[in-house]
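Consider the two complexes below, in which subunit A is the common component and subunit B and subunit C are the respective partners.
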Partner chain A sequence: MRVAGWISLFMIVLITVLAFQGLIGFSESGPDWTLLNDSYFHNILAFSLKQALLSAFLSVVLAWPIARVLYYLPHVPALNSFLSLCLLCFVMPTLVLITGLVVLAGQVEWRLYGLNGILLAHIYLNMPFAIRVFYQQLKGIPDSSWKLSAQLKLNHWQRLRIIEWPSLKSSALMLLGFIFVLCFNSFAIVLALGGGPQSTTLEVAIYQALKYDFNIPEALMLAWVQLLIAGGLFLMVSRLGSANWLSVDTASDEWRPQVKGWRYWLMKSSYYLAWLVLLLPILALFFGLIQGDLSRISLASLIRPTLITMSLGLFSAVIGMALAYAMLNPIRQMNSLGQTRRRVFFEWLATHALVAPAMVVSVGLFIFLLQRIDIDRWGIVFVALLNTSIVVPFAVQKLKPRLYQFDAQYGDLSRSLKLQGWALLKIEWPFIQPVFLSTFALILVLSMGDVAIFSIFGSKEWTTLPWLIYEYAGTYRMAEASFASMLLLALCALILWLFEKAQTPHA
Partner chain B sequence: MLKISQLIIERDGKRLRYDFQLEEGSILAIQGLSGVGKTTLLSAIAGFVEPIEGLISWQGDSLNSLPVEQRPVSYLFQDHNLFEHLSVMENISLGFGGVAPRANLVEAADVLHVADQLEKQPGELSGGQRQRVALIRAMLRPEPLVLLDEPFAELDPKTRELSTQWVRYTAKLLGKTVLMVTHQSEDVDRVADECLVLEC
Partner chain C sequence: MKNQLVAISIFLVSVSTYAADLTVYTYDSFVSDWGPGPKLEKAFEAQCQCDLEFIASEDGVSILNRLRIEKAKTKADVILGIDDALIEVTRKEGLVQSHGMKLDGLKKELNWKDSDFVPFDYGYFSFVYDSSKIAKPPASLKALIESDASVIYQDPRTSTPGQGLMLWVKKVYGEQSPGAWAQLAQHTVTVTKGWWEAYSMFLEGGADYVLSYNTSPAYHVVTENKTQYRAALFEEGHIAQVEVAAITRTSSNKALAQQFLKFLISKEAQTIIPITNWMLPVIDGVELPPIFSELIIPKRIGFTPNEVAEQRTGWLKEWRSTAAR
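And now, the complex of A and B:
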């Protein structure tokens, strides 16, 4: 099993290495470092940092009060549905969101393009994720802390300072870093809602350098800068090291402070407002649909792209889970042996696809393969493979805490009972099953939303549903774009719902 | 006076009944087999458990409808009495409403041989030291009614003797009414004025 882990790690790293090899090999002059003194580069870097920083900060700050509402008012109507909606928002294909936001902006005459639109879309995608993480952390506060605080008659401020903040502090820092990296590397949203050097990020600048100018030295230089900043930050975030990431065992929560009076009403109003905000872009799709020419919508034209999207997603999710589980094996051993530095390094390697610019990896690999295979024929295989490498970090991040927890609780016992291989897996499976299934659903939905990789390797013959939405929206066929978006969103929601239902309570 | 009148509490499908009273300034030891409802009684007086019938009153006023935060009670739980991320000094300064009586806290810590532990984190303390630290706060808080759930369980014989003497001395000095759950008869002899043995 450990050998499979090393092979998986090697394969994931190999994809990135080959991609960079493709770019470096093609351009003999290497990165164009003279750009460092260019005001064009300064503008792009400043905007990339500004939008990522603002997106991360606002997402976290807005998520916190909503998470508190969910925690303090556990009996508000449809709380579980709200949490499901949060998950759906986080994994929502970006083109679906963009279509919804464009229709919505058209209705209320907002100026969506530029920093405002980018921030809005980033907050919409990431705030719900932060809500879920904060909510899980708050649920981890043990009863005994609340009982003690009630007994000691601590006031609201003291509770916040002594109980809530310490439970959220590490998550808040990790969330800031994680969302910053996601937004720093954002592609589709900035491409669709940005424009001009004043609102372009490094990722989009790399795409433009490659697509319009085929200026590989410039693209390489931008890619290195992006990798250094995002990678460095992600390494720092990894070192913060809280294990409670996307999943956490909930402690017993029978006793928690009651909220009364104006605080109760303020919290309840915030909850309904959050519902409304998260639903608006989805509801806007209906407006897009009814305001367009419905007769142009052809169901038949959607069937093949839908099947292709699902097949690609399933492939990436199955292989992605297998790779993530396998590569966590040697990393778990390092964790058990207390080899912190090695563990952090290999964790970073396993999740590096999160920070390696997807556009650079796609184009680099494209150039590398161009002279070696018939890409027109095999392109779709590389869409599947690259999508898999993109979702592996999410699978690793979600599975890791649960597997570490298993090792901490039962590692010694399993070893003393000499459980190995299949026997160990049989014991481990019920423990990790709920997290495993929810992770599978998450990465399945994430990979179904890809546009960036398809834009490089895809072909008309293998058009996916997100690409079809992009084509419709690009030609202002908003009714068709809205309909296809609703179909994709419904599929994503169905998958999340089915897998949530299939989960058994934590072992 | 603390009055527990015809109190009935349901716990794990079992009905527990209590009926007794305690003079102000007295110390009552509560004994009985495990599972008989000793901790449940303290939890009900503190407001964490809701009785299905009966009355808990202090100085003639019913406590039944008061939330935990408004009851005149200082409670030492069996465990989880300290916030692990705060220093010992910060921990024992909590629960005093305004400014904590630092000099009194340090003096008590000195008597109970934990004065040199005050700047440490709770995780650095032994079980016995943790218990004494929590005991100091429970006894010195400005609440007239003190509930102690097995306060000396983790202490060695010598420290136990010291702590029992200090609890009795402090309770009498400050006029506290104390209910103390214990399994040890020697604690009853050293600390309590009365003993209540609960039966199934």
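And now, the complex of A and C:
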């Protein structure tokens, strides 16, 4: 088991190393540091930071009141569906969202391209995630706190400050950091909605330097900057701990303070408003469908891309889970032995793909392989492999806390019983099953939505559903784009729903 | 799950290992269902008894970029779709070889003498607008840039029209170009990667003007019977684009590549190209729909391929810095 863990870690790191080898080995000169004095670089760096900061801040600030509504009004209709919708939004394939937003913007004659569109899309994806985290945190407030606050007759403001804020403070910070990193690394949205050089991010600039200019030294320099900023931040965020947002622990009804009067109505209407906002881009797909020329849509042309997308997703999810589980093995041991520094280092290594710019890794590997194999024929294999390496960090992050918990509770016991291999796995499985299944569903949906890697390695012959949407949307065939988007979204929703069903104990 | 994996691995292994007799790199709209690619492929394959394969990039400049990455490993025998401005850049990188053909049949006005590149169509970069919405278009590039009309154009790093606009601005504004770019950025809706994206967005009502060709209106008249799309004639003159093809230095099938280039400028191919790629034919005596004689014929301005080869990197940087502000 332990050997499998080291091999898995080695493989994940190898992909990154080969990618950088591809970049460095290709040109004699190293990174082009003269770019540091170029106003173009200053502009894109400033824009990358600005959009990520705004996206993170707005997502968190907007999520907070909604999470409070969910907490204070546990009996609003369809609360669980709302939480499921939030999850769906967070993992929604970016091109489905882009299609929805483009149709929506067309309806209201709104200029989507540039900072507005990027912020809108980022908030749409990340705010629901923040809602779930905040909601979980609020649910963690013990009943005794509320009872005490009622006895002390604390007013709204005092309750907010003394009881709610302490429970949210650390996750708010973590969320800010996490969403910042996600948006800082965002690719498809910025590429599709950026609308030109004035709204380019580092991630897109790396892609452009490589694919547009074929300027390796410049791409290398940008990649290092990206890696330093995103990687550094990520390291900081991961020290803050990870958020519990997929939790299935449903405790019995807790005691909560009553909300009455205008506050009640305000909360209730903001709940429905949140529903509307989250559903709008999805509903827009129907508009896109109705408005377009329906006769141009052919179901048959979607079958193959759908099957390819599903197969690629399943491959990445199955292998991704196996790799994540295996590489957590040695890390769990470090955790049990209290080797904190080593543990943090290897945890970072296991999740580094989250910060090593996906573009650099893809393009680097592309260049490395281009001189060695026929990419037009074998590209799809690397789409599958790279997608796997991208989802591994997610799997690691979700599995890790549960496995640590298992070790803390049953580690000594299973060691004294000399449980190993299969026997140990059988004990572990019921304990990790809910997290395992939800994580599997999550990374399956995430890898099914990929366009970034496909844009580098894909070929027409292996067109996936998201890429098909990109082609349709890129050429403004909105009816086809909407239809394909609906299909992809329905698939994702179905997967999440099935797995959510599978993990809840049968009543 | 196991079955799935087995299925996938069979799926992957069964990828065919066949290679075409002649591989041609081109841009995506050229090989789209309504582009010239499929028809040319059929006509040429019938003639050569061989297998021709097109591999498409987003736009003309991307073809060159791909070739630069692949160098000697490239599968391409022919590149098709870069333009005259990129001729020297491509030649200096040592990516192509001499075509060894006599090019007598070409139109006199092209005055073509290049020993490596063969022209297959040409046109003038122009801003296209919908005359049912805009009654009086600007009469010059300066007027357009100083106006507040919404514009879509293509990225000069990936797209030959985008590069054409870069040359156009440089020719008209010279040292003042950075100011012009900044001014244009004020009313630019979006800068797209390829021509196709930009043009489709324009047709959906995304902007008042889109950078395209003087020949674009012909498409709408011939295939859709729509007469409202026009190209604006600018008094400073327009940059011409001659689209060219060449044999790669590493081609293992030069004889067939030559045959393909000959075919490209034959009457058969030249009759297909204008009404599928919507550009002007490079030989005389091709029968065309009447709208072709009504297109605007601008004054030709521009730089020599040598000037472009020397200055291009610097100009791109200038565009990038000023348009990014």
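Basically, the second predicted complex is superposed on the first by the 490 of 507 C-alpha atoms of A that agree within 3 Å, B and C clash if a C-alpha of one lies under 4 Å from a C-alpha of the other, contacts with A are read in each partner's own complex, and residues count from 1 in each chain.
Methods note: contacts are C-beta pairs under 8 Å (C-beta built on N, C-alpha and C of every residue); 3 or more make two chains touch, one makes a residue touch a chain.
These numbers come from a predicted model, not from an experiment.
A.B. asks: Could you let me know whether more residues of subunit A are touched by subunit B or by subunit C?
C.D. replies: The larger set of subunit A residues in touch belongs to C.
A.B. asks: Please indicate which partner A:L83 is in contact with in the superposed arrangement: first for subunit B, second for subunit C, both, or neither.
C.D. replies: In the superposition, A:L83 touches no partner, neither subunit B nor subunit C.
A.B. asks: First (subunit B), second (subunit C), both or neither: which does A:S145 touch?
C.D. replies: Touch partner of A:S145: subunit B, not subunit C.
A.B. asks: Using the superposition on chain A described above, determine whether A:L73 touches subunit B (first), subunit C (second), both, or neither.
C.D. replies: Touch partners of A:L73: none, neither subunit B nor subunit C.
A.B. asks: Could you tell me if A:F214 is touching subunit B, subunit C, both of them or neither one (first, second, both, neither)?
C.D. replies: Second partner only.
A.B. asks: Going by the contact definition given at the top, which residues of subunit A touch subunit B in one complex and subunit C in the other?
C.D. replies: In the superposed arrangement, which is not itself an observed complex, subunit A uses no residue for both subunit B and subunit C.
A.B. asks: Spell out the part of subunit A that touches subunit B in their complex, as residue ranges.
C.D. replies: 142, 144-145, 147-148, 150-154, 158, 162-163, 166, 255, 258
A.B. asks: Per the contact definition, I'd like the list of subunit B residues that touch subunit A in the complex.
C.D. replies: For subunit B paired with subunit A, touching residues are 46-48, 67-69, 73-75, 77, 79-81, 83, 85-86, 94-95, 97, 141.
A.B. asks: How about subunit A: which of its residues touch subunit C in the complex?
C.D. replies: Contact set of subunit A toward subunit C: 38-40, 43-44, 106, 111, 113, 194-198, 200, 208, 211-214, 311, 314-315, 318, 367, 370-371, 374, 376-378, 380-381, 460, 474-478.
A.B. asks: Spell out the residues on subunit C that touch subunit A in their complex, using ranges where they run on.
C.D. replies: By the definition above, subunit C touches subunit A via 1, 4-5, 7-8, 11-12, 15-17, 55-56, 61-62, 65, 68-71, 73, 75, 155, 157-158, 185, 188-191, 196-197, 200-201, 203-204, 206, 316-317, 319-321, 323-325.
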